[in-house]
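Have a look at these structures, which come just after this line.
Both of the next two complexes hold subunit A, though its partner changes from subunit B to subunit C.
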Partner chain A sequence: MKRFISGWTLIKLYTLFVYIWMFTPIVAVVILAFNPQQFGSFPMEGVSFKWFVKLSHNSTILDAFKNSMVLGSLTAVFSTAIGVPAAMAFIRYDFKGKDFLNTLLIAPIMIPEVVLGVALLLFIRWLQQPKSFALLLIGHVVLTLPYVLLIVQARLVGIKREYEEAAMSLGANPLQTFREVTFPLLAPAIFAGMLFAFTISFDDVTATLFWATAQHQTVPVKIFGMLRNSISPEINALGAVMIVLTVSIPLAAGYLSRRFARGSA
Partner chain B sequence: MAQDKNPAFVRFKNIEKRFGKVTAVAQMDLDIPEGALVTLLGPSGCGKTTLLRMLAGLETPTSGDIYIKDKRINDTPVHRRNLGMIFQNYALFPHKTIFDNVAFGLKYRGFSRDEMTTRVEKALETVRLPGVADRMPSQLSGGQQQRIALARAIVIEPDVLLMDEPLSALDENLREDMRREIDNLQQVLGVTTIFVTHDQREALSMSDKVVVMKDGIVQQEGDPEEVYNNSANHFVADFLGHSNFIDARVEAKENGYLTVSLAGGSSVRVNPAGPFAPGDRAEIVIRAQKMTLGFREDLSREPEMNYFTGKIVDRSYMGGEVSYFVELPTGKVLHVINFVKRSPYRRGDEVFIQVDPYHCRLLGD
Partner chain C sequence: MKEKPWKPWLLLSPSLTAVFLLLVVPVCFVVVYSFWLRAPSGQDIPAFQMGNYAKFFADFFYPSILLDTLRVALETVILCLIMGYVPAYFFYRTESRLKPYLMLLVMLPFWISFIIRTLSWINILGDSGLINHLLMEAGFISSPIGLLYNEGAVIMGLLQYLLPFMILNIYVSLDGIDKSLTEAAKSLGCTEWQAFREVTLPLSLPGVSAGCLLVFVLTCGTYLPPMILGGPGNDMIANLIFKRVIGTLDWPFGSAISTILLTLLVIIVYTYNRYMGINQIFKTLSKG
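Moving on to the complex of A and B:
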C-alpha cells in the first residue's frame, strides 16, 4: 500500500502556510517600496528607487528617524545601566521586599501600554510638568527595563557563584571581581538586553503616541500619522528601511556576540 | 618551614552559624595544626562546608572568632585572607586561558609579568600539566581542570588551602589518582590544608587528622586509625565503614575482659574493658570486616574467641570480597565482609562467625 500524504507532509505544508501567512504582508511592503506607481498595487510596472529618494529628502521623516535613533540608544543605555545592577541585587543578594520590588520592575510587561501611557501622562500632569523628551525617555526605560532585567537575571543565575568566590579568594576585591569575572561572563546578556531595549523603543507605537511631543515624533508615530491622511508609497519605502534595520541589527549583534563569547563555556 | 609548628595555626573559637532557625555550626572549638591535612567529614548538612566557608570569608559567623596564625580574621574580607580555595566544580574562569586562570591571584600581589610567567609555569609543572597555558578550560578534562584549579590555588602560596569536596565531580578511577596526587602535593608543599568530604575513604586515606561532624557538632577528632578503631559514639562507628551494633548488658569483669550478655541469652567477651562496670547497658560494635565466616570444620575453636551461629540470608559478590548478611537465631542480622578463600558461601548456608574479643568494642548509651 502506498500512502501519498503522510502526517509529516501535512505538518510541513501547514508550517509553510503559517510562514506565508505571517510574512506575505511584510514581503509585500518591501516589494511595493520599489513600485514606481503612485498607488502601490500589483502588478508592478518596473522597479524604481524614487520613493527612497523622496524619503531621504523628507525632513520630517528624517527628523523622526533621528529622534527614534537617539531615543532608542538612550533607552538602551539607561535600561541596562539600571537593569544590570538591579539584576545583580536580585540574584546575588537577599534583602527585605526583594520579591515585591522585582515584581514591580517586571510589571510593565503585564500592564497594557495604553494604561501605562495614560498613567505616566497623569503623573507628570500631577507634577505640573510639560510633556518633554525626558518624559518620553523615562517612559521607554520603564517599558524596556523588564526585558533587560529578565535577560540579565536569567544569565546571572547560570553564572555560578563559585566563579566570583574563586576570584575573591584569589585576592580580587568585589569591584575587580565584577570587572574580571562577572561582567565578561554576563556581557552577551547585557548586549542582548541593550538590543532588546533599543528594538522595543524603536518600534513602540501605543505608549509613544501618548508621550511624544510635536517636536519629538518617532518614526512609528510618524507613520501612524501619515496613514491617517493617505497611503503614500513613501510609507512602503520607510517600512522597508525599518524592516531591514530591525532585522539586521539583532542578526549582526547575534553574530558578534557569538564571536565574542567563543571559548567560554 | 619553621621547626616549631603551631598546633593551632587555624583556630575556631566558640564559632556558631545559624541560617534563620537552622543551626549549621553549633558553638564549635577546633584547632588545625600547621602543615597538617585535616578533613572535615560528615553527611551533607552536617556543617562542614559552612565551617570551611566561614574560614574562607564567604559566610559570616553568627558568633565566635576565627584565627589564622593567632590573628583574628573575622573582619578581614575574603580577598585579603590569602587562602587558596578549591571548589567541587573546579570554578575555572571559562573566559580566560589556563595561563590567565593560574595567574589571576598573582595579579593582585604585585608580581611583574616575567615573574608571573615563571611562577605559573612552575605551578603547572607541579600539577604535571605543563604546556596547557594557552588552552581554554573547556578544552581540558574534568581531572585536568581540577589540577589547574589546584595550580591556581597554590601559586599564590596561600596560608591555608581549602578544598570543598574537590573529588566528588570526578570519575571513580580518576578520583583515586587525584586523591593521591593531592596527598603528595600537600606533603611536598607542607601547606596547611582543610579538606571537606562526605567520603570516608578519602578522609581516612589522606588525613593527618579527621574531624567527624554531625548536625553542626564535632563528634570526634583524631587521626584516621583512632576514629576508625576507637569511634567515640554510635554515629562515628556507623558512618565510618560497615559496623554491626548489638545491644548488650555488662555481666562481669575479669582480667581486663568484660563478659556481656546479649538478647537471646548468649554472651560475648570484650577485651578493652573501658569505663564499664557490671550492670551497665551498652552497645557492642563489630566491624563487618573483623568477623570471620566459616563452616564448623573451617574454623579452629579457640577458647578466647567469640562465636555466633547463623544462616546466610543475603550476600553480594564484590569481586575480591563478599558481603554476607547472616541472621542469628535471635533474628538479628549481622553484616560480614570476608575475602573469598576458595568459593564463597551461599545463601541458606548455616555458618559460624568468629570474632576476636579485641574487635568487639563497647559504646555507652
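Moving on to the complex of A and C:
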C-alpha cells in the first residue's frame, strides 16, 4: 500500500508537470501583453495597458475582428441549421447506407485543411467565380458541420424516443412534436454545437488563408500576417484579448446551462 | 414512422448536398487536376499525364519532405502518448472533487485560438524568451541558445495542439473499464503495478490506438507550426502544397501533392478502420 501511495504521488506530480507545460506559454502571452517594452519579451519592466490602447486604435484589426464575428456567427447558424436535421435522420431513422453516409459527413475532420483549402478554391476557380465572403462562409460551414453533427447526435441518443411517440399519440404532428418536445430537450446540444462552430470558424487559419480575400481578413489571418515581422507586444495583447474571449464564452455557457438545468429540475 | 421512407432523406438532403458539392466534388477535382499539364505560360491544360507525379518523385527533394512529415508525425505521436497517458490515468483514478474542473482545464486549449497557442511558444523558446532568460539569469549561459526555428520547436507546438486529443481518447477508454476488474486482480494476489499491466493497460489500448491515429493524421496535414516555429528546413508537406498553389500558382503540381497526401492518409485510416474501427474516435470527439 505504501508503494502505491508513492506511485500515486508520482502520477500526480507528472500530471501537474503536464499542466504547467501546457499552460506556461499561454500565461506568458497574457503576462507579456502588459510589458511596456518595445520588444515583447522577458524581463518585465512594469505593467502597462499601452498595447491594448494601441490595439483599440488599430482599424485593420478592428475590421478583421468584425469580419471574424460576422463570419463565425453566420457559420454557426448555417452549420447547425443543416446539421441538426441530419443528426435527427441518423439517430431517429433506419435507412440504407446510413453508416456510410454518417462516416462521409464526419470525414472532413480527418481531411487536412490544406487539401480542403486547395479543393474548394480550385472548384471556385473552375466555375470562374472570384473569391468572396460567400466562399469563406460555405467553406467554414463544411469545416464545422462534422463537429455540430457529433455533438447533436451524442445528445439525441440520450433523448428517449418515447417522449416523441407520446406526443404523437396525443395528436401532435411531426413539426409540433419537434417544436414542443425534441427541440427543448435538444436545445443545449444545439447551443453547444453553435458555440463550437463559432469557435472553430473564429480560430481557423489554414483553410482561411486560401479562401480569404483582402477585404475579408479574419483576426487569425491578420495575426499570421503580423507575425512575418517577428512577435511584438501588440500581438501578445491581441492574443490576450483572444484568449480571454474564447475561454470565457464556453465557461459562461457551461455555467449558464448548469444553472438552467438546476432551475428546471 | 416507417410509412415514410423518404423522410430521413429529406432531413439529410441539405447536409448531403453541401458536403457533396463543396467537398466530394472539389476533392475529385483536385485528383483530376493532378493529371493536367501546366503550360510554360502558366495556363492549365486539360490532359491525362503523369508528369506532376513524375516531378514529385524525380529527385529526393519532394519525397524527403514527405518522409520528414511522416517522421515528425511519428515523433509527435510517441511524445503525445508519453505525456498523455499518465494524466488520463490520473483522471480515471482520482476521487478529487476538483476532477470536473481539472478535466475542463485540459479541454480549455481546444477553445483557445490555434495561432495564439502556436505563437505563444516564441515567448518561451525565443532568444529573449522565458527559457533563455532564466538560463542567463542563473548564469548557465552567457548568450541565448537557439531553441526556436527547428524541429524541436515545431514538435512543441504540435504537442500543445494535439495533447488534449490524446488525453481525451485514452481517458474515455479507461473510463469504460469496470473498476471491479482491477479489484478482482488484486484480490487474487496481483500487486497494484501487475493489476495495471495485466488488466487496465490492455483494456485501454483501443483509446490509445484511437488517440495515436488521430494525432498522426492531424500532424500529417499540419501547416501552421512549421510555418511559425520551424526554420527553412522544417517544411512539412502542407507547407509545400501551400507554396506551390498560392506561391507559384502551379495548380496541377499542387493538386498532385495534395492527392499524394490524401491517398496516404486514406490508406492509413482505411487500414486502421479495417482492424480497429473508426467509430471510437468519433464517439470520443463528441464528448469533447
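Observations, loosely collected:
One rule holds in what follows: the second predicted complex is superposed on the first by the 253 of 265 C-alpha atoms of A that agree within 3 Å, B and C clash if a C-alpha of one lies under 4 Å from a C-alpha of the other, contacts with A are read in each partner's own complex, and residues count from 1 in each chain.
In this section, a residue touches a chain if its C-beta (ideal position, glycine included) is under 8 Å from a C-beta of that chain, and two chains touch if they have at least 3 such contacts.
Please read these numbers as outputs of a predicted model, since none were measured by experiment.
When both complexes are superposed on subunit A, subunit B and subunit C sit side by side without a clash.
By the touch criterion defined above, A:L116 lies against subunit C but remains apart from subunit B after alignment on the C-alpha atoms of chain A. Of the two partner chains, neither subunit B nor subunit C is touched by A:A33. Residue contacts after overlaying the shared chain place A:K160 against subunit B, while subunit C stays out of touching range.
In the superposition on chain A, A:V181 makes contact with subunit B only, not with subunit C.
Contacts of A:L170 after superposition on the shared chain: subunit B is touched, whereas subunit C is not. When the two structures are aligned on the shared chain, A:L71 is found in touch with neither subunit B nor subunit C.
Superposition on the shared chain A places subunit B and subunit C such that, viewed from the Cα centre of subunit A, they span 90 degrees in steps of 10. Which of subunit B and subunit C touches more residues of subunit A: that partner is C. Applying the stated contact rule after C-alpha superposition, one finds that A:T199 touches subunit C and leaves subunit B untouched.
The superposed arrangement places subunit B and subunit C with a least CA-CA distance of 6 Å.
Overlap of the subunit B and subunit C contact sets on subunit A: empty, with no shared residue. Contact residues on subunit A toward subunit B in their complex (touch as defined above): 160, 162-163, 165-174, 176-177, 180-181, 184-185, 263-265.
Put simply, subunit B touches subunit A in their complex at residues 56-58, 77-85, 87, 89, 91-95, 104-105, 107-109, 136-138, 149, 152-153, 156, 162. Residues of subunit A that touch subunit C in their complex: 3-4, 7-8, 11-12, 14-15, 18-19, 21-26, 28-29, 32, 39-43, 81-83, 85-86, 88-90, 92-93, 95, 101, 103-106, 108-116, 118-123, 125-126, 138-139, 141-142, 145, 147, 149-151, 153-154, 199, 202-206, 209-210, 219-220, 223-224, 227, 231, 235-236, 239, 242-243, 246-247, 249-251, 254. Residues 1, 5, 7-9, 11-12, 14-16, 18-19, 22-27, 29-30, 33, 83-84, 86-87, 89-90, 93, 104-106, 108-109, 111-117, 119-124, 126, 128-130, 133, 160, 163, 191-193, 217, 220-224, 228, 238, 241-242, 245-246, 251, 254-255, 258, 261-262, 265, 269, 278, 282-283, 285-287 of subunit C are the ones touching subunit A in the complex.
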